[in-house]
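Shared between the two complexes below is chain A, which pairs with chain B and chain C, respectively.
The block that comes next holds the complex of A and B.
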C-alpha cells in the first residue's frame, strides 16, 4: 500500500507542525492576548485596552530605541550579506571545499559572551587595534571611540552572524546550476553580468531570506549593543525585556514585542518591493497543474 | 467589576506545577521503593539537594563545605546578575524549583506584600537568628517582618560608593570630582537602580525624600544625573563587568560601585580602592528568603541558619569585603575586613545612611517604580 503525497507530507511534517503549534503559535497567541491586557503592581488585569499599543506608538523612547535597533540591524545585515556572497560563491562554484566551510563555522564553537569580551580586548583603549595603530604611527594617542560605539557593535555583530549568513547564502546558491552561469558566459556576459543577470535573480529570495534572518536576529539582540555600544546600546529588545523583568508589565512588553514584529514585517515587504522594482527579484507565478 | 489576576492565578487552574508533579512523583516512587525501610516518623534533617539563587561570590558553597560533606548536601546555584533576575523567576506563573534566594531590602514590600513570593519563617528553626547574635538593626525589624512573622533572614550588608584607581587618579572627595575634564570617558555608571537612584537623588538635593519623589522631582534627579552620563564611558550591566573594565584600564572610577570591587580587581593584580565622598554612600542589606514552594525545607532552614552563624559570617564578609550582621562575627574578622566599617556604631551607620526601599508601586502623589524605570531607560538611551 502506498500513501498519497499529501498524506506522506502530512505525516512527515506532523511532528514539526505539532511542536511549532504548542511551543510557538500557542504562546504567541497568549502573548498577543496579553498585549491588550493591563498591569498594575506586577499583577495582570485581563481586560481589553489599547493603551499598550498607543502608549508605545506615541513614546519618543520607543521610537528612539527602535530606530537604533533597526539601524544596527540594517547595517549589520547589509555588511554581513555583502561579505557572505563572495565567500559563498567561492564555496559553491570554485572550491567546493567542505573544509573551508567547517573552518568558517569553527568560530561558532566559542561562546557568544567570550566573543564579545574578545572584541573588547581588541578594540579597547589599551587593546590590540590601538596598540598596532600607535606602533605604526597612524595615531598618536589611543582612540576611545573604537569601543562602546556603534562601530564596535556592528563589527562584533558582523563577526557573530557572518558564518550564519554564509550558510544561508551557500544554501541559496547551491540551487543554481553551474550550467546556467556557463551559458550566460558563452553568450558574452561578463562575470559580474552573470552574477547580476543569472545568480542574483535566481538567488534573490534566498539572499533576502539571509538578509532578513540576520536583520531579525541582530535587531532583537540587546546584549551585544549594551555591552559594546555604550550610550548607543539601548535597543527595543532591552526595553521589552525591562517590561518583563523590572516592572512586571507583561502586557506592555507583549505589545512592544508585536510592534517590533510588525516593524520587521514592514522592512521585509519594503525590501521585497524594492527588489522587484529594481528587477533583482523576479516574481514567478506558480504554474497551474495541467488537467 | 474588574478581576485582578496574578500570573499564578491565571496558570493555576490550567497547569499542575512542575514542582508539584516532580515532588508528587518522587514521593510516590520514594514511598513505593523505600517505604518499608523507613521509621514511622521521619526525622527532619539536612540532606539532599537545595537550589538557591545568589549573587556570585555569596552562594556559600565553599564556606559550608564541611556541613555539605557531613550531611551529604549539594547546593545548586543560579547566579543573579541583578535583583530583577529573582523577581522575574519567582513571579512567573510556574516558578522554578528554588529553596532559597537572596533579596535586597529595597524589594521587601514587593516580595512580601505584593507578589507574595516569601514564606513566613519559623524562627525556632533558625537558632542563630537571635538578639544575642545579630546587631539590633537586623533583628526583628519591619523590613523583614510582617504580621509577627519573619520573611527574610538578613545576611550581609555594605555600601555602594565611589571606587577608583589610586594609581591613575586623585582620590575623589566628592561625586563632583568625577566630573573633572581629565576623567571624561573614564568613569562608569552601573545599571543597578537600587543604589544609583538614591545616590542620584542625593546629588540632586532630594536624598532625604527618596524614594517618595514627585514626578517633577524625579525628572530633576535625572536631569542632574545627565552630567555624569555625559562623563561616563558606559553604563555597565554588572559589577563583574565593572571589575573587568577597571582591570583593563578602560575606566578609572565607578560611580556608586560595590565595595567588593577592590577585592576582585586585586585578584587580577590591579589595585583599586573605595572612598566615601562627602555626599555619603548608599547602604544595602541582602537577606535570604524561602519561597512558599520550598522543596527541601529542612535543609534550606539549616542553610539560612548557618549563613548567619558567626564563623560563616566572618568568612563570607572577608571574601566579599562586606559587613557582617552577626555581632559575634566581628571578633573573628581579619583586621582589614574589620576596619571596613565602624562596628562600634552600626546603628549610627544606618541612621545616617538608612536602608531604602524602591519607589512606590502605585501612587497618585509620587512617581511610581514604573515611572522611575521608564525615566531610567530614557536616561540610558541618552
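The block that comes next holds the complex of A and C.
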C-alpha cells in the first residue's frame, strides 16, 4: 500500500510544523496579546490598551534607536552583500570547490563574544587602528570615536555576518548555470555585463533574500550595539531587550518588537518594489501551461 | 567550383587542463559556408574544441585564426562566432522574443531594427506564435529552435552547434535535421556541428572531422569516411562493419591479397601501402556482402551457414556462420530477382575487391 502524496507530505512536514507552532507561532501570539496588556510594577496585567504602541510611536527615543537600528542594518547588509557577491561568484563559477567555502564557514567556530572583544582591542584608544594612524602621523592623539560608535558596530557586524551572507549568496548563485554567463558573453556582453544582465536578474530573489536576512539579523542584534555602540549606538533590539530584562515592561517590549517587525516588512517591500521598478527583479505573471 | 575560402584555421593546437591533455595535434581548416561536423565518442574533446573557437578557452599552444586573424587575445564577445550550447543555456528571466533579441540589444541597435530582425528570425524557426512565452513553458524542440534563433539573429560568420539535438527524441531530431539544413541554406553561415551520433553527421555534413581521445583521426566527406575509413576506430565508429584478422600474402598490380588464419582470402583495391607479411584487419560493410554473384570478374566468395534473418522493411539482416566459425552480418536490399537463402541453409557469399578495406591493427 502506498500513501497518497498529500498524506506523505503532511507526515514529512509534521515535526517541523509542530515545532514551529509550539515554539514560534504560539509564543508570538502570546507576545502579540501581551502588547495590548499593561504593566504595573513588574507585573503584567491583562488589559486592552493601545498605549504601548502609541507611546512607542510618539517616543523620540524609540524613533532614534529604530533609525539607528535600520541605518546600521542597511549599512551592514549593503556592505556585507557587496563583499559577499564577488566571493560567492568566485566560489561558484571560478573555483568550483567546497574547500574554500568550508574555510569561510570555519570562522563561525570562534565565539561571537570573542570576536566582539577582538574588535574592541582593534578599535580602542590603545588599539591597533589608533597605533597605526599615530605612527603614520595621520592623527596626533588617539581617536576615541572608533570605539563606541555606529562605525564600530557596523564594522563588527559585517565581520560577524559576512560568512552567513556568503553562504546565502552561494546558494542563490548555485542555481544559475555557468552556461548562462558563457551564453551572454557569446552574445556580446563583457563579463561584468553578463553578471548584471543575466546573473543578477536570475539571482535577484536570492540576493534580496540574503540582504533581508542579514538586515533582519543585524537590526535585531543587541549584543554588539551594547558592547560597542556606546550611548549613540543604541538600537531597537537593545531597547526591546531592556524592556524585558531591566524595566520589566513586557507589554511595551512586545509592542516594540511588533513595530520593528512591521518596519522590517515595510523595508522588504520597499526593496522589492525598487527592484521591480528598476527592472532588476523580474516579476513574471505566471501563465497557465496549455495541456 | 571556386576554391573554398578558409574561415577558421587551427595549427598544431594543443589544450591542457592542468596535467590533463584534452586536445593535441589539432590541425584543421574550416571553409566558409560549409557544414563541418566534429564527430567522436563522449569525452574526446569536441566541446573543448568548440569552446576554443568561441573564445571561452585559450589554446595551451598553437594558433587559431578566424578570417586570417590570430584571435588568441580576442575575448568571446568580440569574435564573429555564435554558439548554440549543449544544454541551450537560454535565459530563464526573459521570454522567447527577449532571448532572441539579447545579442542585438547588447550591440545597441535601434529598437525598430531589433524588432524586425527578431521577427524575421522567429519566422525562420517557426516560433512567431510563441514570442511571449517564457523558457520553462517550452518543449525541448522549441527550446532548441530558440537557441538556434538567438545565435543566428546576430548573423555570425560561424555558428557553433554543440550536440543541439542530443536532448530530443528521434522523430523531432529528424525533423530538426532537415530544418537545420534549410536554415543553413537560407543564411549561408558556416556551421560547425558537434555530435556523437554518426547518422546526424552523415546526413548533415559536407565534411566530417572524426576525433578520438583529443586527436583528429580523419577528416573526410561522410561518404568517403564511410567507404574508406583510415583506421580501425573510424571503421567501427561509423556504421556497422565485419572485421577479419589477416596477414598480407601478396601485393601487386591487381591489388593486395590478405588471408585469415583459416585461409579465407581477400583481394582489396584499397590496400596499397601494405607489404607481404603485414598483419592487417580487413573491414567489409554488411551491405558489401551479397548472396548473388553480381560481377563475374572481380567477385570473391566463401561459404557459410545462414543462422538468423531479421527483416527491417525493405532490408534484411542475415547472420552467417562461416566455415571457420566466424560470424558475419550481411545486409540485403529486398528485390524480386534474387531469392535469398532460408535460415539453416548453406549459402555462398560474394563480395567485391572495391569494398574490401585493409586497416592497420590498432
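To be clear about the criterion, the second predicted complex is superposed on the first by the 275 of 291 C-alpha atoms of A that agree within 3 Å, B and C clash if a C-alpha of one lies under 4 Å from a C-alpha of the other, contacts with A are read in each partner's own complex, and residues count from 1 in each chain.
By our rule, contacts are C-beta pairs under 8 Å (C-beta built on N, C-alpha and C of every residue); 3 or more make two chains touch, one makes a residue touch a chain.
Predicted model, so just to flag it, every value in this text is computed and none were measured.
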Clash-or-fit label for the pair chain B, chain C on chain A: fit
Chain B versus chain C as contact partner of A:41, first or second or both or neither: first
Which superposed partner A:239 touches (first chain B, second chain C, both, neither): first
First, second, both or neither for A:198, with chain B first and chain C second: second
Touched partner set for A:55, first chain B, second chain C, both or neither: neither
Which superposed partner A:147 touches (first chain B, second chain C, both, neither): first
First (chain B), second (chain C), both or neither touched by A:209: neither
Chain A as apex of chain B and chain C, Cα-centre angle in degrees (nearest 10): 150
Touch count on chain A, higher of chain B and chain C: B
First (chain B), second (chain C), both or neither touched by A:120: first
First (chain B), second (chain C), both or neither touched by A:247: first
Touched partner set for A:183, first chain B, second chain C, both or neither: second
Least C-alpha distance (whole Å) that remains between chain C and chain B when both complexes are overlaid: 47
List of chain A residues in touch with chain B within their complex: 40-47, 61, 64-65, 68, 117, 120-121, 124-126, 144, 147-148, 226-227, 229-234, 238-239, 242, 244-250
Chain A to chain C touching residues, read off their complex: 177, 179-180, 182-190, 193, 197-198, 201-202, 282, 284, 287, 289
Residues of chain C defined as touching chain A within the complex: 54, 56, 75-77, 81-83, 85, 87, 89-93, 102-103, 106-107, 133-134, 137, 150-151, 154
Interface residues, chain B side, partner chain A - complex: 2-7, 10, 84-85, 87-88, 91, 110, 114-115, 185, 193, 229, 232-235, 237, 241, 244, 248-250, 361-362, 369-370, 373-374, 377-378, 380-382
